[in-house]
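There are two complexes below, and they share subunit A, which is joined by subunit B in the first and by subunit C in the second.
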Partner chain A sequence: MRKLIGILLLLIIALGIALSLKEIPFGITKTIIGDHFINKGIEETGAVNIVTSVVVGYRAFDTLGEITILFTATIGLGALFGIYKKKKVNLEIEPPSLIVFTGTRFLFPILILTGTYIIIHGHLTPGGGFQGGAIIASAFLLMYLGCKGKRINENLSKVVEALGGLTFVALGIVGLITGKDFLFNFLSKGEPAALLSAGIIPIIYIAIGLKVGSELAGIIDNLIEKSK
Partner chain B sequence: MNFLSENIYYIGAFSLIFIGLYIVLVKKNLIKVIIGFSILDTGIYLFLITLGYITDGTAPIFSKSGLIADKMVDPVPQALVLTAIVIGVAVLALAISLAVKLYEHYGTLNLRKIKEQKW
Partner chain C sequence: MEIIVTILILLMIASAIAALIFKDLINAIIASCIVSLIAAILFYFLQAPDVAMAEAAIGAALVTGIFIIAVKRTKRFEE
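Entry: the complex of A and B
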């Protein structure tokens, strides 16, 4: 009965969506705002990667809000699991095999390096703070899998996370003082496609990278600590 | 057949969305419901990216000279999905941690057996 009602409901929704999607042809049109970003993006923000200029240039304030969602989710997870950290149940965990251990030691620096590269070149090549931060967090996940017993320094990760968020907000306030808007791009835009270009965009992306990396690593740390 | 090949991306994205919705509506196990939400997420990302696609388009990055601006795909949906994926991971972790807490409290993950829940 429940399945029947579910399928019926989904069929009604599917009909409505199909009728409205008929008006949107696939692969032909672009939004007006998207056209503007592509044609004017380089001269207005200085970033060669248009997606980056949208994420931390035109919609930087929106990104600040999304980072806040990430922060809230991490805080919620920490609050749920942090209470029970006192009573530890010591289960004997089998140590990882030699292959996993050696592979971890080999891959960990490479992953950190790749993540850093992707964060720093966010305004030039595909990538940026979110992607690079996820790669750095995956390096820490590998560390938890490969070297049992090792943990990230919790206080240091919190400091790095707070530093990332503070840099973002501080840059916004400096823009408010020097220019007229919050997150105004007050540094020189430089010439396009150079590493030091696009004003505050690379700095904001580095801050986002630090924040995302340390937050995702913190989530992994909380979940693994819980499973022990 | 023509209809299918022209709209295959929309059909794929909405198949994922409807599979996710069906799991959320019908399944009893809380973990399965969370997996359903995750599948729903993936479908939405695909749909947003599909909306911005242009036939034979290139990535919206002026990495070398000679790239035509008219041939680039829409950057706005990509920027939205980029942040949404990372947030999706964090929210998924929060949902799983809530499920763990529920299991510790009630001893079951069956949503019909948890009395305070109306599902």
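Entry: the complex of A and C
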């Protein structure tokens, strides 16, 4: 009976999606704003990567909201596991094999380097703060799995996270002080496709990368270290 | 090109169904990791490298790791 209801519900949802998507032609833009981003994006924000010009340029305030959601999730997880902090029990992971240990030692610096590159070049090539931060956090996940006993410094990661958030908001407020809007791009846009271009966009993306990386690494640390 | 995409989509559906069927939860997690990985490749083919990167880093690496830790903390086999 329950399975029947489930299948019925799935069919209704599928029908709804099919009916609503039937009218939309695939791959054809129906909005004017998309064309504006593609044609004027580089000129207005200075970022060559159009996705970045939208995420950190045109809708930077929404990105601040996204960061806040991730921050709230991390705080919730920390509070949930922090209750039982007194009887701290480590997860019993078997000691890693030689292959995993050696592989981790080779891959860890390469992953950190790739993550940093993706964060710093967010306004030039695909990627940015979120992607690079996730790659850095996955490097720490590899470290937890491959090197038994190594832990991240919890206080340092909290300081880095706070610095990232603070930089983002402070840059926004500086925009207000210069007499324009919140998160106004007050620095010179420079030459397109140069590393030092696009004004505050690379600085914001570095802040986002530090924040996302330390938050996700903190989630992994909470899950592995804290007791049930 | 279209043949590759079709094969990838079929593989994706197959591993999604496998993730539902497997009783060993570690196998199910690896199957759902394959779904994310193929989704990342398809995003790249659709000229969305930013989304592909996020999907590969979060969907395939971090979520898999967190799920494996969760299974380690609870039970490995589904009844």
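Operating definition for what follows: the second predicted complex is superposed on the first by the 218 of 228 C-alpha atoms of A that agree within 3 Å, B and C clash if a C-alpha of one lies under 4 Å from a C-alpha of the other, contacts with A are read in each partner's own complex, and residues count from 1 in each chain.
Heads up, the rule we're going with is that a residue touches a chain if its C-beta (ideal position, glycine included) is under 8 Å from a C-beta of that chain, and two chains touch if they have at least 3 such contacts.
The structure presented is a predicted model; accordingly, all values stated were derived computationally and were not measured.
Within the superposed three-chain model, A:Gly199 lies out of touch with both subunit B and subunit C [touch as defined at top].
Of the two partner chains, subunit C is the only one that A:Ile224 touches; subunit B does not reach it.
Once the two complexes are overlaid on the shared chain, A:Val54 sits against subunit B while remaining clear of subunit C. Of the two partner chains placed around the shared chain by superposition, neither subunit B nor subunit C is touched by A:Gly213. In the overlay built on the shared chain, the residue A:Gly172 is in contact with neither subunit B nor subunit C.
Contacts of A:Leu141 after superposition on the shared chain: subunit C is touched, whereas subunit B is not.
Residue by residue along subunit A, subunit B and subunit C are tallied for touches, and B comes out ahead.
In the superposed model, A:Gly46 lies in contact with neither subunit B nor subunit C. Touch criterion not met for A:Gly164: it reaches neither subunit B nor subunit C. By the document's definition of touching, of the two partners only subunit B reaches A:Ile17; subunit C does not.
Of the residues of subunit A, those at positions 49, 51, 126, 128, 130-131, 134, 216, 219, 223 touch subunit B in one of the two structures and subunit C in the other. Of all the residues in subunit A, the ones that touch subunit B in their complex are 2-3, 5-7, 9-10, 13-14, 17, 21, 24, 26-28, 30-31, 33-34, 37-39, 41-42, 48-51, 53-55, 59, 63, 66, 69-70, 73-74, 76-77, 80-81, 124-126, 128, 130-131, 133-134, 192-193, 212, 215-216, 219, 222-223, 226.
Residue ranges of subunit C in contact with subunit A, taken from their complex: 49-50, 52-54, 57-58, 61-62, 65-66, 69-70, 72-73. Contact residues on subunit A toward subunit C in their complex (touch as defined above): 49, 51-52, 91, 93, 118, 126-128, 130-131, 134-135, 137-138, 141, 145, 216, 219-220, 223-224, 228. Those residues of subunit B that touch subunit A in the complex are listed here as 6-7, 9-10, 14, 18, 21-22, 25-26, 50-55, 57, 59-63, 69, 72-76, 78-79, 82-87, 89-91, 93-94, 96-98, 100-101.
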